[in-house]
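Same chain, two partners: chain A is paired with chain B first, then with chain C.
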Partner chain A sequence: MTEKILQVRNLDVHFGPTKVLHDVDFEVRKGEILILMGPNGAGKTVLLKTVFGLFEKSVGEVEFDGKVIRPTPDKMVEAGMSFVGQGKRTFPSMTIEDNLKMGAFLWTDKKMIDKRIDELVHFFPVLKKKFKMLAFNMSGGEQQILSLARALMMNPKLLVLDEPSIGLAPKIVQDVFEKIAEVNKSFGTSIVIVEHNLKSLLHIAHRGYILVKGKIAMEGPVEELSDSKTLEKVFFGELA
Partner chain B sequence: MDYFLHLAIVVTIFSILAMSLNYVAGFTGILSLSHATFYGIGAYATAILTTQYGFSFVPSVVIGMVLTAIIAYAASFPILKLKEDSLVLVSFGFSIIMFNVMLNWTSLTKGPLGIKGIMAPEILGVNFFSKPYFFALVLAVAIITYFFFKRITSSPYGIIMKGIRENQTVAAVNGHNVLRYQRSVFVVGAVFAAIAGSFTATFLAFIEPKLFELMPSMLILIMIILGGMASLKGSVLGAFILILVPEALRFLGLPPSILAEVQQMIYGLVLILVMYLRPQGLMGEYKI
Partner chain C sequence: MQILVNGIIVGGIYALMAVGFNLIFSSVRFFHLLYGIIAVLGIYLTRFFLLTFELNFFVSMLIGAGISGLLGMAAWQWLYKPLMDRKASSLVMMVVSFGALIIVQNLIAMIWKNNTYSISISDTIKEGYHFLGITITFNQLVILFTSLILVILLELFLNRTKYGMAIRAIGDNAELTTILGLKTNQIILMVFFIGTFISSIAGTMVALEIGVRPTYGLFLVLKAIIASIIGGIGSMRGAMLGGLLLGVVENIGIYYLGGGWQEVTAFLLLTVFLLFLPQGMFNKVQVSN
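Up next, the complex of A and B:
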């Protein structure tokens, strides 16, 4: 698990005159589930969106699967990275089938797309039941599963999930996280999760980073980071 | 009979316009108020080239389409850079500028006097001056337009267009170059509006800038809102209703001096009623 799928070096990001990320070094190893923690406003989402090309970096380098890339979303998807943002990230007035097709960016072969859709609805049975329904008719948890499935359409090497538990009931959160772990095991996909709901996630993650005020404050195996004193320091501001 | 053919031609031309705007606004979510501008560019291209430079109909239409594509492509940079309300306002600003170009570039457009004497189309030796022939020609183009847009909107490309309309950020996150898709849709929609403009110029034999100002853009937009967003059949239905219903006023004995104003009030009323009673329009896929 030491081979890296993503490596970020010396990343700085500015929003106008405000520097929101300071010299961030960050890596994701192949096959691991990595958790990115930190209080609100720490820069977790900014870090991932910058790596994916949704925000412009000021300084720094992004290397994906051994190649240095100037990130834009289309280039990153093509390279094998998928991103699921916060909230209900579906196309509400489109069917589940069309939502999934939206994730098949580079493929033009209809049979290949249909085969992948078959695999995914088998993996996420809830989608099979509602295949021809419009996405807005699904519950919050089902929509999160749909976003997850769509992000897997291209069989990505790295899946990035930004707070997948937002707005979901605890039982549903548990189900979503179990599915995320299953994705990691079944497809060998490396996964990065930004999450506040640490209790449900720590048992499936391998490693983690703690980001505070735009700087990496700690990194290491989840067992070390989940130590209650460390988390207290993070969330009560002592690591700032 | 001549009167009904006249109405049928107007409905068919507006159906082409409404389908092309629905392709841009209904399917892809680009709520543009500049559609009548592209309609006007096509009309002026045909009018100027056929009356002043001796071109025949088909080359004038093709040149109008190419010119419109270039102008729409250039206009797409400021218009599509923005979203939602800002996009609507910038497209409105663009249509104001273009209206003033049509009005004030008198050496080319003859300004408010308009261009007269535009000849009926002649293709491969067949003259389409008579109304049945003209109607057959414009109907054939409308049918081609329908199947062209039907084919695109049912393809994987069409699914991506709808995805962009639904959520641009998520579409971008899925690796789709949103701006490139929007730009191509905007240009193709404008080109079909230009074709409708060429037919209008040859049908009326006279054009003036007033035909291509904000009100026609609003009328086309109301047609697609009434017929239904992302519905090609709805676009045709919207054109049918909004041309024929105000036309019926002629038989109510209203003074001609207030007829145009009453027609515009009807368009406004239709818009209000649709938004309250059936926001997805008569055959629409989604609520605006």
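Up next, the complex of A and C:
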């Protein structure tokens, strides 16, 4: 588990005159589930979106699977990174089948796409049942499963999930997290999760980072970070 | 019956205009008013190739539409996209688009004069065809078949091809398509080409039926907007049906009330829909990008 899939060095990000990330060093090891924690506005989403190329970095270096890369979403997807953002997660007026096909848009081999869809609908049986249904008609939890499956279409090496529990009922959150752990075990996919809902994640994650005011405040095994005193410090501002 | 047939023929043109407009609107979410005048420019270009080089009507129409399509792409790349990158609101985009429409309209009037021109496919065929008590001219048949063929081709493209699926996806959730690694800007350029190409052909159909003036751009885009709203904005099938319904209702209005009431009938129909069915006939899944 020590080989790295992603390494970020000295990353600075500015929004206009405001510096939102300060000299961030961050790494994800192959095969691990990593949690990125921190209070609201700490820069968690900015960090991941910058690594994926959705925001421009001011300074710093991103190395993905051993290669230094200037991130843009198409390059990162081709290199093997998948990103599931917050909020609107699906193409609502398209069927589940078409939603999944969109996940492998960069592939040209139709047979390969169909084979992968077949594998994923077996892995996520709820999608098989509603295969020809419009995504709009799915529940929030099902839509999250669909976005997860779509992100796995191109068999990514690294899957990034930005607050996957947002808007979901606690029972469904548990189901979604169990599926995430299963993805990690079955496909060997490295996973980064930005999440507030820490309790549900503790038993599936391996390591974590705590980001406060755009700086890495702590890193280490989840057990250490989830210590109630540490979390108190994070969320009540003592680590800033 | 004759009114219905005339209505369907005019409606076919409106349907084409609405489909192209809707295709672009679904992808960029602002009213591209310039669309109307680029369609008019397509007519003038068709006429230019037809008269200057004595090319076949259909070849001239395709060249005119192709050039219009390229101008549509240029409008996106060099006018709208820089503004979108600066986070301009859809209101700002619409005002800019309207300004550009006026400029292009005046340029057309400067080059080709502010007269009404018509286009004819053939001088020899003047007599209409008669059957079941209906008279239909050769031009009207061309309009009908061209509209039908284009609409079927577009439906097949959007629903059966990979890039068609990408266009539908951008209409649903543009941000997500970027996240999936698609080169969204290239697909939007494709949308502007196809949408404007269709509008130019629709414009040429107008010229076959009633002729063209530089000021017809606003008229054409307004008809496209009305048909789109009636059909359900964002829905291609809705736009087609909206266009047909608008054409039929306008013709009924003209028959019973007189030609001067054409626009009133169109706006009355729009008002009825806005009051009682504001989401249109095809209530596509509402997506607010």
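The working rule: the second predicted complex is superposed on the first by the 239 of 240 C-alpha atoms of A that agree within 3 Å, B and C clash if a C-alpha of one lies under 4 Å from a C-alpha of the other, contacts with A are read in each partner's own complex, and residues count from 1 in each chain.
Going forward, a contact is a pair of C-beta atoms (placed from the backbone, for glycine too) under 8 Å apart; a residue touches a chain by one contact, two chains touch by 3 or more.
Quick caveat: nothing in here was measured; it's all calculated off a predicted structure.
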{"item": "Combined model on chain A where chain B meets chain C, clash or fit", "value": "clash"}
{"item": "Partner chain(s) touched by A:124 [first = chain B, second = chain C, both, neither]", "value": "neither"}
{"item": "Which superposed partner A:177 touches (first chain B, second chain C, both, neither)", "value": "neither"}
{"item": "Touching partner for A:92 - first (chain B), second (chain C), both, neither", "value": "both"}
{"item": "First (chain B), second (chain C), both or neither touched by A:78", "value": "both"}
{"item": "First, second, both or neither for A:26, with chain B first and chain C second", "value": "neither"}
{"item": "Where chain A meets both chain C and chain B, residue numbers", "value": "52, 54, 73-74, 76-78, 83-85, 89-94, 98, 101-103, 105-106, 150"}
{"item": "Contacting residues of chain B [partner chain A, same complex]", "value": "156, 159-160, 162-163, 166-167, 169-177, 285-286"}
{"item": "Residues on chain A engaged by chain B in the complex (per definition of touch)", "value": "52, 54, 73-74, 76-78, 83-85, 89-94, 98, 101-103, 105-106, 108, 150-151, 154"}
{"item": "Residue numbers on chain C that touch chain A, as the complex places them", "value": "162, 165-166, 168-169, 171-173, 175-183, 284-285, 287"}
{"item": "Contact set on chain A toward chain C in their complex", "value": "52, 54, 73-74, 76-78, 83-85, 88-94, 98, 101-103, 105-106, 134, 136, 150"}
